[in-house]
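Each of the two complexes below includes chain A, the first together with chain B, the second together with chain C.
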Partner chain A sequence: MISTTTLFGLSSVILVGLGLFGLIVNPQPLRKILAFNLLGSGVFLLFGVIARRGAGAGLNSDPVPQALVITGLVVAFAATALAVALLLRLFQETGQAITLDTEDPSIHAPARSNDP
Partner chain B sequence: MTLALAVDIGLTLLVLAVACWTLAVRDTFTSVIGFVAYGLLLALIWVRLAAPDVALTEAAMGSGLTGLLLLGAAARLQNAKNISAPPGLALRWVAGVLCALVSAGLAAMVLLLPDPAPTLAPAVVAHLPATGLGNPVTGVLLAYRAIDTLLEAVVLLPALLGVWSLAADRDWGGAPRLRYHRPDGALTLLAQVLPPFGIIVGIYLCWNGADQPGGAFQGGAVLAAMWALILTAGLAEAPPVSRRWLRWLLVAGSAVFLVIGLAGIGFADAFLAYPAGYAKPLILTIELVLTLSIAVALGLLIAGPPTRTPS
Partner chain C sequence: MMQDPSNLLVLALVLPVAGLLLALVVGGRYAGRIALWLMPVGLAIAVMLVVSVIRADDALVYDLGGWMPPLGVALRADGLSAIFILTTVAVIGATGIFARTEFRTLPGQPETRTSLTFWALLLALWGALNLVFLSNDLFSLFVALELLTFSAIPLVCLDGRAGTLAAGLRYLLFALFGSVLYLLGAVLLYGAYGTLDIGLLSGLVRPEPVAWGAAALMTVGLMAKTALFPLHFWLPPAHAGAPAAASAVLSALVIKASLFLIVRLWFDAMPALMNPTAAQVLATLGAAAILFGSVLALRQARLKLLIAYSTVAQIGYLFLIFPLIVRPESGSFAAADLYTELAATVVSTSAWSGGVLQAVSHAFAKAAMFMAAGLIAQSLGHDRIADLSSIGRALPITVLAFALAGMSLMGLPPSGGFAAKWLLLTATIETGQWWWALVILGGGLLTGGYLFRVLAPALFGSRQSVTLRAPVARYREVVVLALALCSVLLGFVRLGAFDLVQIGRLAKAGMGLP
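Let's turn to the complex of A and B:
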């Protein structure tokens, strides 16, 4: 019989794989950011499983990994906000099209409309 | 099979299904909605893992604030033409196989985790009475590993500086604007009705964090979400980024934390140590100011770089 921690542990590693796949395969930058967050949540969940396994001394879960995950969630949000801001700025500079592919010839030189 | 395990299996399948759907669905907007639902379901898994503090953070920050941020970006990028082609079938297969290998390697690690598991729980419990706190996670965050939390509070500021520095020269000194379109009645009503309750919940989470699940980050995230809601509905304007009080508010949390930490060198023989008997009031002071600073920083991170262009 599978235990709850093993079940959640296995689902967390599937989430990591899914997020990594989405990050590589999806060409849209915003979807890449989303997939990266999915990957991160899988890593955090693995931490949670390790915390749950470390239950003891009257606590149902080891508080140290929990605190690390809370820290990680906040940092992940800050990094996501920065990534989104960079993406929106890229869109503003290049006009209609956004791509992370700098070799793409269909992109013209960025419009310098924002300089005074 | 016990009922609890059946619930866990159902929850796991649901989370994995929503995660797949979030990645596969064509429309980006729909995908972000899927991500928000995914985050809320994940919070339920955190509850099942006996980690209510993380569940609250995941629901408020991982699902709510990140969802709000991505929704805003998706709305602004609606007219963006995506000119990069998706990778070919062969590359997808290679990526799929490699990602499956990564998962398989991690799965092997999960199955081979040592038993009994290493744990710091007894050490945390042994010293918790000295801090006067009842919530061991808050104890770790603000006493044992206070340096992590200090750096975490500080890291929000460089992130915000990064976002602000993306403003064009002529926009500098303006106010960030979150309103994307003419707000409709439902959004305005929500932004009028929800914040009073949300603010109470945010303050409760912060105040109660010493003994119950909750704390500065959860409380700050809820307060930030309420602020962002009001800004999105256009009921209030964000302050210009050049305001001095705004900048003081942003650094107040880290500054108070740092000053109390430095005072620890003199009064308790170590950086970030609390003098015996004063731990709880000092921790509560830090948490209170930190909640405010975190709420403002998170809200401004969502609001994005300043702008001067009229809507």
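Let's turn to the complex of A and C:
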């Protein structure tokens, strides 16, 4: 029978994999932001698993990773907020859904939009 | 206070953050004044820090709250941190003076959001950079990197136009990709070794799969933040689209912070992992960055994009130090080779000094170039390279500063860039890796090529008169010239830099003995 720690560990691996795939492959910024959150959740879950595994004598779990996960969540939340704010502002400015493909000429050549 | 020099570490962090909070309270009208008043204080602290590190001949350590690692979190300043902190305050101070009028609120006029944002973020950037250079704990470093990213990105899209917003968003997505990979690596290290303190890790990390995985994840993540080829796509639009003062700080300092962390990781936190293959891979990417960035810089039509691609190229040089410190044959630190101990010590020091000098002289030169490009763009109303003919007649000081900074980038003597590249070249020859010497020389030629494209028409153009749309304040030109001169004059202080870089290195000679 598979143990809880292994189960959660494997789930975190799946989350990390899905998140990385989405972050790299998906051209739409909103999906990239969501994928980043998925990836982040995977990392935090992994940290929780490590906390559980590394529990000292008489403790349920190692408290250090939990403190770090809370900080990490705050940082990830702030990052998501900043990204969504930028995306909304960009949508207001251009009025269209944006893709951040490397081939997108409007991103690669800001020359036109940058002339005063 | 001065009885214990390690208090300086705390001061270096508290000063910018206090300034930031004060600026947010009093508003944009006074934010610039607060920032400008804090910068001399910060400079004094940085100088005292350098002096203290030299005098102590060891790293300064401050345990936060008196708790020692692994229970607590420590701040640590070695020679490398001290040099970077001094460079940071010098470049940020120059940027502050340069931007003084651009982002000020005139009396009687309503306060602008841009002005408050710029000054608050400049202070935040300063604090975050100091935190990166002083932290000695992988998680504090993660927080520091995130602070840095969050203060850098709004600077990119300060003007709020669609082009710069898109550049900022792309920068953010690359940076988030980088930071989450870095965090994943840190989590793996914690899982394997139960600590995140760099000093403790350096003795614990063994060459085993989990450490390799963590090292690979963290390095790739930090490469994305440093914009090392092939993860550089975000840099040119972001750095070229930002206001000149902001691009100067971004290109000179922000990307160096994640690079500093890569160096910390490989040489301080995980010295046991550092082996020739990893070093050669990093340097190969660096070499690709030099060639690719330079060739793309040659093809740019706009001055600011050219300078941004030049940053992509110059970052590459900093990754060449890895194989020069770690020699291919011995499989451990160059200095650990018992038979050629004397020669090897010299090799390792010259690669270290060359790398640091390259980072510092590039910081000054690139800040000067972006500011010069900003002045040119402001006075002409555009920065198309094709139309810069004879601009040297109209803006002699600015173009002189651009040329001096370019001299340092190319590596012409007696500039800081020359000394850096000379030290790196010496190291390539002494370690018998001539192929990196070819890359350094080829990169220098290409740099000469793209700067010649700008400077030849600017200085020797045939146009008799250039009409300027807006006059350029003399003091701003002087700031740019001072930065460029700093970059050139660094070529004369290289002998002094030798010892400082080595102070407090965790992995000293002999540590890498198998």
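FYI, the second predicted complex is superposed on the first by the 97 of 116 C-alpha atoms of A that agree within 3 Å, B and C clash if a C-alpha of one lies under 4 Å from a C-alpha of the other, contacts with A are read in each partner's own complex, and residues count from 1 in each chain.
The working rule: contacts are C-beta pairs under 8 Å (C-beta built on N, C-alpha and C of every residue); 3 or more make two chains touch, one makes a residue touch a chain.
Bear in mind the structure is a predicted one, so any value in this text is a computation, not a measurement.
Colleague: With both complexes overlaid on chain A, does A:Leu68 touch chain B (first), chain C (second), both or neither?
Modeller: Touch status of A:Leu68: both partners.
Colleague: Please work out whether A:Val16 is in contact with chain B alone, chain C alone, both, or neither, and reply first, second, both or neither.
Modeller: both
Colleague: May I ask you to name which of chain B and chain C touches more residues of chain A?
Modeller: Counting contacted residues of chain A, the larger count belongs to B.
Colleague: Who does A:Phe36 touch here: chain B (first), chain C (second), both, or neither?
Modeller: second
Colleague: Kindly classify A:Arg53 by the partners it touches after superposition: chain B alone (first), chain C alone (second), both, or neither?
Modeller: In the superposition, A:Arg53 contacts both chain B and chain C.
Colleague: Quick check for you: in the superposed arrangement, does A:Ala78 touch first (chain B), second (chain C), both or neither?
Modeller: both
Colleague: First (chain B), second (chain C), both or neither: which does A:Leu87 touch?
Modeller: In the superposition, A:Leu87 contacts both chain B and chain C.
Colleague: I'd like to check the shared interface: which positions of chain A are touched by both chain B and chain C across the two complexes?
Modeller: 16, 19, 24, 33, 46, 50, 53-54, 64, 68, 71, 75-76, 78-79, 82, 86-87, 89, 98, 100, 106-107, 114-116
Colleague: Over in the complex, which chain C residues touch chain A? Could you list them?
Modeller: 139, 142-143, 146, 149-150, 153-154, 157, 160-170, 172-173, 176-177, 179-180, 183-184, 187-188, 190-191, 194, 233, 237, 240-241, 301-302, 305, 381-382
Colleague: Sort out for me which residues of chain B touch chain A in the complex.
Modeller: Chain B residues touching chain A: 1, 4-5, 8-9, 12, 15-16, 19-20, 22-23, 28, 31-32, 35, 38-39, 42, 45-46, 48-51, 53-54, 57-58, 61-62, 65-66, 69-70, 72-74, 76-77, 79-87, 91-92, 95-96, 99-100, 102-103, 106-107, 110-111, 113, 117-122, 124-126, 136-137, 139-141, 144-145, 148-149, 152, 155-156, 159-160, 162-163, 166, 168-171, 215, 217, 294, 298, 301-302, 304-305.
Colleague: So in the complex, the part of chain A that touches chain C is made up of which residues?
Modeller: Chain A residues touching chain C: 16, 19, 23-24, 29, 32-33, 36, 39-40, 43, 46-47, 50, 53-54, 64-65, 68, 71-72, 75-76, 78-79, 82-83, 86-87, 89-90, 93-94, 98, 100, 102, 106-108, 110-116.
Colleague: Tell me, which parts of chain A touch chain B in their complex?
Modeller: These residues of chain A touch chain B: 1-2, 4-22, 24-28, 30-31, 33-35, 37-38, 41, 44-46, 48-64, 66-71, 73-82, 84-89, 91-92, 96-101, 104, 106-107, 114-116.
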